[in-house]
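Next, two complexes with chain A in common: one pairs it with chain B, the other with chain C.
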Partner chain A sequence: MIDKRDAKLSLFFLSISFLALFIGAIAGLLQTLVRSGTIELPLSIGYYQLLTAHGVLLALIFTTFFIVGFLYAGISKTMGALYDVPRRTGWLGFVMMTFGTILATIFILLNKATVLYTFYAPLQASPWFYVALVHVVVGSWLCAFSMWNQYYIWKKKTNNKLSPLFSYMAVMTMALWFIATLGVAATILLQFIPWSIGWVDKIDILISRTLFWYFGHPLVYFWLLPAYMCWYVVIPKIIGGKIFSDALARLAFVLFLLFSIPVGFHHQLLEPGISHSWKFFQVVLTFMVIVPSLMTAFSMFAVFETAGRKKGARGLFGWVKVLPWKDVRFFAPMMGMLIFVPAGAGGIINASHQLNQVIHNTLWVTGHFHLTVASTVALTFFGIAYWLVPYLSGRTLTPQMNKLGIIQTIMWTIGMAFMSGAMHVVGLFGAPRRTAYTTYSDHPQALDWVPYQAAMAIGGTILFLAILLLIYIIGYLAFKAPIGEMDFPLGEVEEKATSTPIILENWKLWVGISAALIFIAYTLPFWHMIEHGPPGSPGYKFW
Partner chain B sequence: MAQLQRKTNKKVKVKKENELLGTLLSVMGVGLFIVLSWGAVYLLYLSR
Partner chain C sequence: MHMHKYEKIWLWSGAVCLTVFLLIVGVSAYAMGNQPPSHMETIDPKEAAVTAPFDKPRMTKVGDQEYEAIMLAQAFTFTPSKMTVPKGSTVHFKVTSTDVVHGFQIPSTNVNMMVTPGYVSKISYTFEEPGKYLILCNEYCGVGHQVMAVTLEVMS
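Up next is the complex of A and B:
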């Protein structure tokens, strides 16, 4: 068990995370029912208001709070109890993030911030919505500083010993988050807040979108890296195996830092005002992320095969059978990993310049990120929560809850297959995303989409039931499960693995290269945007 | 002689399993899936 004060901090973060998940899931269910034409909302609630609540509470709040809570728990486990300053800073971060979350939620529910989670200009929310986002971001920075501080003190006290793999990955994850959020902080502070207050009349839309996507793509990796931490460090222990290579895992994280940030243009491939050559350059950098992704795939398969062989598995794929499929701590993240295969393939399609024209702004894109963040990441986070919540609250994961967790995972997978599968297919038929139910005056093409939208609603309903089951299990594990000691599964590295080169922990080098790549990828195109800046736009409120 | 042959076969089999052949094929399978998915959407792009 980690220090009780650290467990409390971690549990507070996880609590807000699951609360946000529940509220966001209600919005999600209503959305799918509206989009399929099954229900109509009362006049006081708008479809786009729900869409905003769903996106903000799930994509930003559920994920960020869960990640910070998970990282604090793992850091305390691997580097020892948090020192006073990092812990206090962590609590300050929690208070700021929670205040920002409550403020943002209030303004979304008041229908004063119906700008979707991407808050694209010229849609204009109340200034308080942007102030709320600043609190969430700055609060998360405090958490990053706190984790780095813990790492720095630990390194000093251990005479620069190689850091534990989990803590190294946590530091890297927060480094990526900090560098990425500089873009969104800049656009909120320098553009959105002055514009929404009325200090300036107009906003440069291209610059605001560019700064958003400078943040928006690494945001995906901020979600994914903690999932990878579970795969690399936790899963080997659960399946009775060992980490394939500490060096390979660290190198993969370095590559994610380098190649997940200077790539935002692949979200803006149809955006006028950015030259094709710069888009092409960033697409090439985007594809570099395939390297650490396949390294991760190789590492995980190697862990599975090696562990299986040790258990006596025979044949080319005999090791698959001996994996602990009935253990939800493995099963849920494993489903996430399997879903990441089509999710990754879809991502490569999205980032390909020509193919992007087939799927841009269609429901395919919505289907894609429901496979990445809402399946791969979410299922891994659920798998973590099933052991982390009882671990932190001094209770145990009972066989009954384990079984319910398996059922919950199956429900999630089936629900997502319906919903995301239908979104992908109907997206290829041209159905737009971010659109309430309409048949476009009974246009034949739009009528063809209706059955797929019904499938989305069926999937969405199954997913909502899975969320209810999840909340019950988490509540039980936190308050009702038998008192006892759970294991915090942390794998050990294979004895035969090569030793880790010390250069992988040279932060000045990797952050320096990351900064250099960002400067190369963004300086000139950004300069062009300023030099040839359009007149700008006033704010619009369509709700 | 036959016994020796069996032993040799067994050794070869164990060696192959240690070489993570299943892992290699699995990763290649992931790669193939990505290429095929990309190709399918590319064909759709060309057809439009």
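Up next is the complex of A and C:
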């Protein structure tokens, strides 16, 4: 068991995370029912209002709170109890983030911020919505500072010993997050807040979109890296194996820091105002970030196979059978891992310069990120929660809850196969994303899409039931399960693995290269936007 | 840093795949001219509706089997709302927005681009098949986003 005070901090983050998940899931269910034409919303609740709530609460709040909670638990486990300053800073971060979350939710529910979670200008929400987002971001920065501070003190006290793998990865994840969120913080503080209050009457749209997507792509890696931490560090222990290589795991995280940020233009491929050569340059960098994921895939399957063979598995694929399929701590992340194979392939398609034209802003994209963040990442997070929540609350994961967790994972996989599968197919036909139920005056093409939207609603309903089951399991594990000692599974490194080169902890070097790549990829096109920008736009409230 | 032999093989095959993918999109972009719409022309969004040529949104014949569609995107419609061209025509779409960001997509074609206020977005397409094509907005633009669509009829 980690220090009780750290467990409490971690649990507070996890609680807000699951609360956001529950509310966001209700919005998600209603959206799929509306879009299939099954129901109409009562009480003048708008489809786009739900969509805003769904995006903000799941993509931003559920993920960020879960990640910070998980990282604190792992840091306290691997580097020892948090020192006073890091812990206090962590609580301050929690308070700021929670305040921001509540404020944002209120303004979304008041229908004063129906701008979706991407809040593209010149749709203009209440200034309080942007103020709320700033609190979430700055609060998360305090958590980043607190984790770095813990690492710094630990390094000093241990005379620069090699940091534990988990903590190294946590520091890297928060470094990625901090560099990425500088973009979104800049657009909110310098553009959206002065403009929505009325201090300035115009906003430069392309600059705000570029700053947003400078943040928007590394955001997805911020979700993914903690899942990778579970795969690299936690899963080997659960399956009775060893970490394949400490050095290669760290190298993969270094590559994510370098290549996941200067790639935002692949979200803006179809926009005017950015030259196609700069777009292509960032497409090339986007492909570089696939390499560390390939490394991860290799490491994982190497661990599975070596662990299986040690248990006596024979034949080319005998090791598959001896994996602990009945242990939800393995099963849920494993399903996430398997789903990442098609999800990653879809991502390569999306970033492929011309192919983007076929799928941009169609339901294909929605289908894509419901495989990545809402399956690969979410299932891994659920798999973590099943042992982390009882671990932190001094209880145990009972065989019965383990079984329910497996059922939950299967439901999630089936529900997502329906929903995301239908989204991918109908997206290829051209059905737009982020659009309420419509047949475009009974246009035959749009009518052909309706059955797929019904399949999305079936999937959405199964997914919602899975969320109810998840909330029940988590609630039971937090408050009802038998008192006991759980294990925080932390893998050990294979004896034969090579030692870790010291250069991997040279933060100045990696952050420096990351900054250099960002400057190369962004300076000239960004300067062009400023120099040749059109007159700005006033705000519009079209909802 | 030491790497396992199999990992080297795996990563090299991955790197070769990625290089091939990039070569394909690169050749398509730079040798065959298949670049995503990236026009640089700007316009004052407040004045767009009274600035030529957008003061008169229309479809005009500009050559043999060649048309130009000057279009305005505004919440929640496109102007002109009805257009007709003969089969086999190439249409050059030139679109700008007077208010918020819109999308411009014609399902079952490769016509898909963003319409950002302040910029003129352009894309061309040759309509070989006759039919009633849907032109729709695929970027959330407000409460009526789902009705923002017009049709383009391609006559046989």
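Convention: the second predicted complex is superposed on the first by the 542 of 543 C-alpha atoms of A that agree within 3 Å, B and C clash if a C-alpha of one lies under 4 Å from a C-alpha of the other, contacts with A are read in each partner's own complex, and residues count from 1 in each chain.
To be clear about the criterion, contacts are C-beta pairs under 8 Å (C-beta built on N, C-alpha and C of every residue); 3 or more make two chains touch, one makes a residue touch a chain.
Small disclaimer: the values here were computed from a predicted structure and weren't measured.
Looking at the shared chain after the overlay, A:Phe298 reaches both chain B and chain C. In the superposition on chain A, A:Ala345 makes contact with chain B only, not with chain C.
After overlaying the two complexes on the shared chain, residue contacts for A:Leu206 are found with chain C alone; chain B is out of touch.
Of the two partner chains placed around the shared chain by superposition, chain B and chain C are both touched by A:Gln354. By the touch criterion defined above, A:Arg433 lies against chain C but remains apart from chain B after alignment on the C-alpha atoms of chain A. Contacts of A:Leu248 after superposition: chain C is touched, whereas chain B is not reached.
Note on chain A: of its two partners chain C and chain B, the one contacting more of its residues is C. In the superposed model, A:Pro535 lies in contact with chain C only, and not with chain B.
Contacts of A:Ile102 after superposition: neither chain B nor chain C is touched. Overlaid on A, the two complexes show chain B and chain C touching the same residues of chain A, namely 294, 298, 302, 348, 352, 354-355, 357-358. By the touch criterion stated above, chain C contacts chain A in their complex at residues 1-4, 6-7, 10-11, 14-15, 18, 21-22, 25-26, 28-29, 34-46, 75-76, 99-101, 103, 105-108, 110, 112-114, 116-122, 132, 134, 136-147, 149, 151. Against chain C, in their complex, chain A makes its touches with residues 46, 48, 51, 114, 116, 120-123, 204-206, 209, 247-248, 251, 268-276, 279-280, 283-284, 287, 290-291, 294-295, 298, 302, 348, 352-358, 360-362, 429-438, 440-441, 443-446, 498, 501, 532-538, 540, 542-543.
Taken together, the chain B residues at the contact with chain A in this complex read 17-18, 20-23, 25-27, 30-31, 33-34, 37-38, 41-42, 44-45, 48. Contact residues of chain A toward chain B in the complex are 294, 297-298, 301-302, 304-306, 309, 314, 316-317, 319, 341-342, 344-346, 348-349, 352, 354-355, 357-359, 428.
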